[in-house]
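In the two assemblies presented below, subunit A is common to both, partnered first by subunit B and then by subunit C.
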Partner chain A sequence: MNGPVLLIVLPLLTAFLLPIIYRLMPLAGRLTGPLILVVTSIIGLTQLQHLGDDTLAIAMGGFPPPLGISLYIDRLALAFALAVTLGTLLLWPKASGDNPDSRPGSLSLILAGAGCGLALSGDLFNVYVFYELVAVATYGLVAGRGTTAACTASVRYLIISGFGAAMALIGIALIYNATGTLNLAHLAELAPSRLNNGQGLAAFVLLLIGFGVKAELFPVNTWVPEVYATASSRLTALLAGVVSKLALLIVLRLLVLLFPQPEAHLLMLVLGILGVVSGELAAWRARDLNRLLAYSSIGQLGIMFIAFSMPGQAAILAGLAVALHHLIAKPALFLLAERWGGSVQGLSGAAENSPVAAVLFILLSLSLIGVPPFPSFWAKLLVLLELARQAQPLYFLGAAVILAGAALEANYLFRVVSRLYTPDAAQPVPEPQRLPELARAGMLGAVLVASIFVISPINNQLEQLADQASDTQRYISTVNPRVTP
Partner chain B sequence: MTPLDLLLLIAAFTVVVMLVSGQLRSIAGENAVALYAAQGLALLPMAGLGYGTVAEVPASISIPIMQHTLHWRFDGLSWFFALITIGAALLSSWFTAGEWAEKFRARGGSMRLFHSTLALNVFSMLLLLASGDLLSLFIGWELVSWASFLMMGLAGGQALRYAMRYLSYAIAGAMAVLVGLAMVYSQTGSFDYAALAAAVPHMSNNQIWLLLLLFTAGFGVKMAMIPLHLWQAKAYAETPGPGAAFLGAISSRMGLFAIIVVVLQLIGFARLLDLSIPFTLLNARDLLAWIAVFTIIFPTFTALRQHDARRLLAWHGIGQGGYMLIGILSMDALGSAGGLMHIFNHATYQAMLFMSVTAVLHRTGTSDLNQLGGLVVRMPLSFLAMLVGIIGLAGLPPMNGFVSKWMIYRSLMDDGSPLLFIGAVIGTLGTILSVYKLIHNTFLGQLRTEHVEIEEAPSSMLIPMMILAAIVFLTGYFPGVVLDWVAAAQAAIGLPPLTHTLGGVPEINGGLDMIWVVSILLAGFGIGALIFFSGNRHQRIHQLDNYAGGHFLSADVRYQYSDNFYPGLMHLIGPWYRASFQWLERGFLSLLETLSTLMQGGYRAAHPAFYLLAVMVLSLAWVVWL
Partner chain C sequence: MIIPDSNTLLLIAALGLILIGIGGMVLSLHLLRIIFGLALLESGANLLLILATYSDRSVAPIIVGGKIPAHMADPIPQALVLTAIVIGVAVLALALSLALRIQRAYGTLDVRELRARLDQDIAAEAGINLPHSQDAPRSPAVVNAPGGAS
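Up next, the complex of A and B:
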């Protein structure tokens, strides 16, 4: 029963103990963080197994909702919590030389704990708190490199994130004003009568923009290229891969539970389309691998926004499939960019020194573009087929934009690939990839390739996730059993 | 296990074998030839498809994926295309088995990569040809696109740049197809061919127009239909020789195959005629036919201006695709048979021409038409191959190209489309002029001093060329052999099959019997040769033993120039070359560049919070307005 709580509490607690442990035994300090994440991942996995088809709500401290704080646990939430934990574990910050520094470890643990909290929490206020906690952890991590560029990027990120959080807070206030509660289940109950109006829509706009900052939503994503270009590749991978999806999860929950009105969907669709257009075009022009990948990630997030902007369970399935693929492919690409970062021009002939990495890069690019039989093809196909079914003509534009984006993607990613294979006598061949990065990227790549053979089972699993996630009645009755559907 | 399973298995096995052993000097080429021969043999149990006795051979494997099922099957059309594909691969890999591979390796190429790429191309093409629903068609399509990208980019450097250009076109095309598929799915709820065919009558004309645009443009990229043709010539020309022979023979025909299956067979000939273009007397079929005619004319005359033999051939490859399309679009038995037969004919002579040019390149190190000449005395058999090839390409008797073009012309005239006919003839005129330039500048005229010591191409190159020459001649002599397969393919796509004889086409008002035509031609030549060789006193002298105006011409005096060929003609038609399509392409690219610079500028803005507030205010204003 308390397992899910441990997912949040354990990393947070350890984060605050870590400086002390470092002081006492540096080696133990170094090992504690990953160890705790392994433990929490195992807890998460067992929870996922226990849960089966159920959903459950945990009232913290025994106070029943809507008064008390509650966690809502379904497969989707647990899957995201697990993704955060595993992602942080895989992308654990590098130990920096002889001078032991507990800060990156602590911040990463805070990120993991707060991320789990974000995924699991069942009321809006806690969502906000955990969101801020995630934000604080990432500020620290981004600035952690200490270079001027990193600090500038971090400040920019801080400003826009701060504004975003303020907007979200105003949105929450509006909702509270309209309904008098912040418990999501209770809100879902009240939404049709209280939030289906201008005030509700205004609240959604504020929340969307607020949480959209981390989900790389156009146009509050201007921090993305700078931060991704300056932060360490593991952190970038974590931000692009995992944190952005967490914010997306919140937006999805809000959309499904509180704001089923078509105007809300329309707004998201428009911003999603603009995200794809701006991201892919900017990526096409980018001459620096980190920025290129950053822009492309904006484009991919745009696809997810477009997918979630459609009503119904099939749309959620499609969006989740794209998100899952991006969660695996993008971090791997960013990991490769650790050594290959900087100007694409400078990559001439890099395949000579690191043939495996070059092949991996091709594989990941193909998958990102959506070439069959790679998993992303099936994900994009789901999105497209769902888009083609919609009556609103703007959705057709969405489909066209996604595909034009894929064509651009093929162009710029393979421009990089052809650089890798074209040695230039005038400049030195880049150094070979380092093993830790390559191994991590390789692992993610292997997962992608393996998933080609289990597309249908994955699809079934995601279908169940989407089923649960789209079921508002179930959410309400799980948290508040008095209400019978 | 069905015969189709066996074929696909062998093709997949070929890829694996080549990946494992493609670098072995002694046996890789021979292995490849043997494996392609095995694939060819695997076609035999399905020969019923080629003769119309069996309608369809299914594959026993079908893959359920999500809510769709992928399945594969062969029909007469697939069998016909598969035969050409495997034949082209067999002879191309034979061509590599020997000196060519040595030289390729010496220049830093990887034969393992070459062989496995070729095998991958064949495998993906067979998958495409076998596709039994729209989804497997799309998957096959994408695989073929990427496999041919690999083949084009193999040589690196410049070739990779052209391959990238191809990729941009191909992926854009594939995405157009995908939009079309999504539209079809939203209408029918399934990817089955039958479902689309059944839904077409219920779709509005606008929907059909949109589908037509998406599918023809998407698939048309691969067959380099105007105005999507710019990538092809350079990309094919830079492909390593045998690879170019293979791609030139069959790769771009995959686009035609997909157009036949989806646009002509599923959307249907009848529906095309129904779609009229407002304010003109044209319908959708006429529009396509005119595109086909311009696809003949523009590239052919562009070929005339090329001075690299490989580019010249590659440009012709584009133009000949137009003949095939226009033939099939005629929709009657004669014209469509001509179009389909032209696919086979073109594959045979185009592969041979590329091989011959590659042989010259192999020996002399250049394919620049201004740097060659007079090689007939050094490389007579390569000359013979090119001669047979260009007669075929120009569509003159006695080679097979004549038969298919005759059928196409005949049906255009019978159809009452004189303008299309004139367009096609203009194209042929350009073809004849430019192939003459090709053979003249390569093999005729003055031998250059640096080429005096050149030897004939090695047997590994000559044998496949001679096999192809024999095929080109014999299928010209007995076109009925090919027409059997063509008739089965016609039946498979719902066209009336052509009634034919071994020698050609019986028609009430003037048919064609190639056995007679060729026999008389040969008899004429024979009599001429008899008179020439018996009655005439002649003496062989060395080419360099030459006089002009009473002066002895030493070997270094150039008395015969090959550059600036056809100056008079170029003076006349030169101003017509405007490079409008390149201008269009550049315009599009700079538009893209501008847009993306704008977008990037947006992300670079120094005041990020401004956007946030702006979008907030705008959205709230929108909410209030609602």
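Up next, the complex of A and C:
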């Protein structure tokens, strides 16, 4: 019953104990963090198995829902919590030589715990607190590299993110003013009568700006290229792969539970289209691999916003499919950029030294573009079919933009690939990939290739997830059993 | 002359703080002023959250001697704002310490210059010749600045 709470509590508790453990026994300190994440992953997996088709609400501290803070556990939330834990484990920061430093480990654990909290929380203000906790952990991790460029990128990120958080807080104030509650289930009950007006819409816009900062939403994503170019590649992989999806999950929950108005959907659609256009064009123009991948990630997140901007569970399924693919493919690409992060020009003939990495890069690029056997083809097809079914001009524009974006993606990714295979006599061949990065990227690539053969079961699983996620009545009656559906 | 009641006045104050904060963040070119703008914006947001249920007749929500007072203030927003203030203070401290480090390394806190230096450092690390980069239009300040001093 209380297993899901451990997903949040264990990493947070360990994060604050880690400096002490490091001081007493440096070796144990180095092992503790990953070990705790392994334990929490196992807890998460057993919970997921245990949960089955059920949904569960936990009233924290025994205070019943409208008053106390509640956690809402369905398969979508647990899957995201598991993704955060496993992602942090896979992308655990590198041990820095002989000078043991507990800070990166502590911050990563805070990120994992707060990320799980974000996924599981059923209370708007609690979501805000966990969101800020994730944000503060990432500021520290970005600046932790120590270079002045990293500090500058971190402080610029902090300012945008702080602005977003203040906007979200104003949005929360508007919602509290209209309804007098912040419990998501209670809000979902009151939303049709209290939030279906101008005040509700204003609150949604403010919350979208607030949570959109981490989800790389169009106007508030200027931090993305700077941070991704200065942070370590593992952190970049974690931010682009996992943290952005978490913020997206919050936006999805808010949209489904509180704001089913067509205007809210339309705003997301327009911002998503602008995100795809700006991201893909900027990636096409970028001259170094890190920023190219960063801009391309903005474009991919734009596709997810477009998908979630459509009503109905088929749209949620499509968006989740794109998110799942990006969750696996983008971190692998960023891991390869650890060695190849420099200018694309300088990559000439890199395939000579690291043939496996070059093949992996081609596989991942093909998958990102959406070439048929790969899962991204299926994901993008779902989005396009759903867009076509809406039969409205703006949605057709969205479909056109996604297709054009895929063409641009093919152009700039193949430009990199062709560089990899054309040696340039005037330049030295880049050094071979390091094994730890290559092994991790290879693991993610293998998952991607394996998923080609099980698309149909994955599709069924995601369909059930989307079914649960779009069921507002179920959310309300799970948290608050007094209300009969 | 119409004298607005205290609630309206406070609401105007909250909106004013928010607008001043946003204005400061958008219009200032000095990193420190932008951070102060953020602090003002956060205070405005906090005040707005308190005002969601505030009335000047209400009393603290404490039951004294078994009697429930007639106008109790809603304690939830106040608890929330307390949390928000703590988060705000922590973020502010982090921002200031980062600003201090940047000032020591770059010798400036002008955001235009910081942005140019950041672009330059990223380009230097990636091995790109910046003056021809399309990301940064050629400007004398960028070209003449010493590269990547830290």
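In this text, the second predicted complex is superposed on the first by the 485 of 485 C-alpha atoms of A that agree within 3 Å, B and C clash if a C-alpha of one lies under 4 Å from a C-alpha of the other, contacts with A are read in each partner's own complex, and residues count from 1 in each chain.
Convention: a residue touches a chain if its C-beta (ideal position, glycine included) is under 8 Å from a C-beta of that chain, and two chains touch if they have at least 3 such contacts.
Computed from a predicted model, the values in this text were never measured in an experiment.
*Asks:* If subunit A is used to align the two complexes, do subunit B and subunit C fit next to each other or clash?
*Replies:* In the arrangement built by aligning on subunit A, the partners subunit C and subunit B fit side by side.
*Asks:* Just checking: does A:Val429 make contact with subunit B only, subunit C only, both, or neither of them? Give me first, second, both or neither.
*Replies:* Touch status of A:Val429: no partner.
*Asks:* Examine A:Cys151 and indicate which partner it touches, taking first as subunit B and second as subunit C; both and neither are also allowed.
*Replies:* second
*Asks:* Check whether A:Ile159 is in contact with subunit B, with subunit C, with both or with neither, and answer first, second, both or neither.
*Replies:* A:Ile159: touches subunit B and subunit C.
*Asks:* Just to be sure I read the superposition right, which of the two partners does A:Gly140 touch: subunit B = first, subunit C = second, or both, or neither?
*Replies:* The second partner, subunit C, only.
*Asks:* Regarding the shared-chain residue A:Leu397, is it in contact with subunit B (first), subunit C (second), both, or neither?
*Replies:* neither
*Asks:* Is A:Gly180 contacted by the first partner subunit B, the second partner subunit C, both or neither?
*Replies:* Second partner only.
*Asks:* Quick check for you: in the superposed arrangement, does A:Leu17 touch first (subunit B), second (subunit C), both or neither?
*Replies:* neither
*Asks:* Comparing subunit B against subunit C, which has contacts with more of the residues in subunit A?
*Replies:* B
*Asks:* On the A-aligned overlay, A:Arg415 touches which partner chain: subunit B = first, subunit C = second, or both, or neither?
*Replies:* In the superposition, A:Arg415 contacts subunit B only.
*Asks:* Determine, under the contact definition given at the top, whether A:Val277 touches first (subunit B), second (subunit C), both, or neither.
*Replies:* first
*Asks:* Closest Cα approach between subunit B and subunit C after superposing, in Å?
*Replies:* Nearest C-alpha atoms of the two chains are 5 Å apart.
*Asks:* Take the contacts of subunit A with subunit B and those with subunit C, and give the residues found in both.
*Replies:* Residues 156, 159, 163, 285-286, which sit in both footprints.
*Asks:* Going by the contact rule at the top, pick out the subunit B residues touching subunit A in the complex.
*Replies:* Of all residues in subunit B, those touching subunit A are 64-66, 138-139, 142-143, 146, 153, 156-157, 160-161, 163-164, 167-168, 171-172, 175-176, 178-179, 182-183, 185-186, 592-593, 595-600, 602-605, 608-609, 611-616, 619-620, 622-624, 626.
*Asks:* For the complex, which residues does subunit A have touching subunit C?
*Replies:* Answer in residue numbers: 125, 128-129, 132, 135-136, 139-140, 143, 147-149, 151-156, 158-159, 162-163, 165-166, 169-170, 172-173, 176-177, 180, 182, 226, 229-230, 285-288, 290-291, 341-343, 345-346.
*Asks:* Over in the complex, which subunit A residues touch subunit B? Could you list them?
*Replies:* 156, 159-160, 163-164, 167, 198, 201-202, 205-206, 209, 213, 219-225, 263, 267, 271, 277-279, 281-282, 284-286, 295, 366, 369, 371-373, 377-378, 381-382, 384-385, 387-389, 399-400, 403-404, 406-407, 410-411, 414-415, 418, 421-422, 455-456, 459
*Asks:* Looking at the complex, which residues from subunit C come into contact with subunit A?
*Replies:* 18, 21-22, 25, 31, 34-35, 38, 41-42, 44-46, 48-49, 51-53, 74, 76-77, 80, 83-84, 87, 90-91, 94-95, 98-99, 101-102, 105-106, 114-115, 117-118, 121-123, 125-128, 133-135, 150
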